[in-house]
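Across the two complexes that follow, chain A remains constant while its partner is chain B and subsequently chain C.
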Partner chain A sequence: MSSAAYRRVIEAITRVRGVRGAMLVAAADGLIVADALMEGIRGNAVAALAASLVKRVGNASEASGVGRPHFVQLRGTEGMLLTLPTGEELLLVAVADPDVNVGLVRLEMLRAAEGLA
Partner chain B sequence: MKPTRVVEPWAAPPLERFVAESAARLVLLMSPSGQVFAQHGFTRAVDVMSAAALGAGIVASTGEMARMVEEPSFAALNHQGAHHGIFLGSFTLPRGPMLALVVYGPDSSVGLVQLFFEELVRDLVQSAPAPAPARPALAADFENDLNESLATLFRT
Partner chain C sequence: MVDDLHALRAELARDPESLVFLRLGEMLRVAGEPDAAARVTLDGLHRHPHLADAHDLYARILADVGDLERAGDEWSTALSLAPRHGGAHKGLGFLAFRQRDFEAALEHLELALASDPSDPTVVQALHTVRQAFEDRMAAPPASASIGAARQAFGGLEGAEDGLLLVDPQGLVMAGRIAVGGVDQGEIVAAYLAGASQEAARTARLIGLGDWTAILAEGPAGHVHIAPPTPAALLLVRRDRSVPPGRLQIVAERAADAARSWLEEAAR
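And now, the complex of A and B:
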């Protein structure tokens, strides 16, 4: 899949109202594969920290016997970070406003993940 | 936790912050000639000297390759192994160009190291004192400086 094709897949996520940006991140490296972000979002920082977060959350969830996470939602005071691991290697990441329709974003992320498979 | 040791005290807080945030296992901060001014994680002087010499050699080699392809220089180099990664980054302090060699494990990533390396460089530039006037470079001075640096880095 070309980087333009990756970008097309994630742009569908950014069309949901309240989504400030979406990225495809290499899960092991925390590096951006493709992104569609609003200005002001530090893509490199979000990618690196989101990959680290999912890795650590995964360790915690496995240790507690609930298995690997399918979806991680982090609600902050100023917005939301949504991550969806797609296979072993990639991670879909969305940054959104606090009042975003999480169900709709998740649905678009799942569709995007299918498009990546 | 393995210790952070510095030849110059101003380098300690930025390096400790970098180690805490990036989860790096080993860090060397040095001049392009391999003279170390801060380290984290190494327990033996011989390892520091070997790693510094190898790191400086790699940067010198890639710098020469950059020159051959008419690039000004490579800013950073990353080698991803099965269990560990090695990151070599260049930066500039008021006293001149410097190198950082970072070894990280599976609890970190090249993305995290790169991210916090940028902050480390900002912190070091802010903390670094103005360069001292140049002294004549004598072999005896070099040996004394090297011994003093190693004694400081390993409390010998």
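And now, the complex of A and C:
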């Protein structure tokens, strides 16, 4: 899949009201594969930190007996980070406002993941 | 040394855009002049904000003066600019070790070693962390945690299994997470060591404000992780029959109970 095609898939996520940006990240090293971000979002930082956090949370979840997570949210007072692994190697990441409709973003992320498969 | 400092200062004065600020800042840091080192490095960072080496240097200056939180932010920034930066991995490995987050420490130090296989300090640090990690895994589970759980979460749904309160060093304070009848609390707690700091750093650097919770949905259930106090982390696990929205309510009640218990214990 070309970079333009990756970008088209993830742009659908950013059409949900309250989503500040979305990106596709290499899960192993946190490098950006494709992104569609609003001005002011530090893409490199989001990618690296999201990949690292998901790895840590994944380890804790597995040890807890619930298995490797297929959706992880980090909630903050001023926004949230939503991540969804697509296969073994890639991670879909969205940054959104705190009052975003999480269910809708999740749905668009699942659709995007299907589009990437 | 003094002559070198003069020469580097003169070179930087001649060409303020020069990367010589890295050598000057490092020399001042090593000479025990953190304020001067920070001034030189911040000025360089102002001119070269995307230079990972400069963020690494500033992080080491901050670590020298004990500001580990901001040092961690700078190393994370360095890694976001250069994901294989050995110095940043070494620094974050050091921070993770201090937080007793041995798994993250091992991962960062192994990446630091891959970046510079000849660095003896990394080899030694890896040896120390591996030993500490093995010791922790060999330690028997804390039998007091079930009794503490009854006190901390008594009356709450799943009070004796599925709630785990840990300290920032990854030690169980109360609660139990059983998998197949075997308590996995110590292992889960070890994975959570440093998670609060990492979540805080991630939220801060991405512009999410203060972090309030992490929710992870897995194939066999969900976990909710939140800080009931700045010095504790609460993990709530439920199977898939409990939807994430309901899990959040359960987690909020458990956090209230944990806060009360911690306040009581502190008296």
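Just so we're on the same page, the second predicted complex is superposed on the first by the 117 of 117 C-alpha atoms of A that agree within 3 Å, B and C clash if a C-alpha of one lies under 4 Å from a C-alpha of the other, contacts with A are read in each partner's own complex, and residues count from 1 in each chain.
Note that in this section a residue touches a chain if its C-beta (ideal position, glycine included) is under 8 Å from a C-beta of that chain, and two chains touch if they have at least 3 such contacts.
Just so it is clear, the structure is predicted and the values come from calculations on it, not from any experiment.
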{"item": "When chain B and chain C are modelled together on chain A, clash or fit", "value": "clash"}
{"item": "Which superposed partner A:30 touches (first chain B, second chain C, both, neither)", "value": "both"}
{"item": "Partner chain in contact with A:57 - chain B first, chain C second, else both or neither", "value": "second"}
{"item": "Which partner, chain B or chain C, touches more chain A residues", "value": "C"}
{"item": "Touching partner for A:48 - first (chain B), second (chain C), both, neither", "value": "both"}
{"item": "Partner chain(s) touched by A:69 [first = chain B, second = chain C, both, neither]", "value": "second"}
{"item": "Touching partner for A:77 - first (chain B), second (chain C), both, neither", "value": "second"}
{"item": "Clashing chain B stretch [against chain C; choices 57-65, 129-137 or 147-155]", "value": "129-137"}
{"item": "Footprint overlap on chain A, comparing chain B with chain C", "value": "29-31, 44-45, 47-49, 52"}
{"item": "Parts of chain A lying in touch with chain B, wherever the complex brings them together", "value": "25-26, 28-31, 44-45, 47-49, 51-52, 55"}
{"item": "Contact set on chain C toward chain A in their complex", "value": "76-77, 79-81, 83-84, 103-104, 177-180, 184, 187-188, 191-192, 194-195, 198-199, 201-203, 205-223, 225, 235, 237, 239"}
{"item": "Residues of chain B defined as touching chain A within the complex", "value": "80, 107-112, 114-115"}
{"item": "Residue ranges of chain A touching chain C (in the complex, touch as defined)", "value": "29-31, 40-42, 44-50, 52-53, 56-81, 95, 98"}
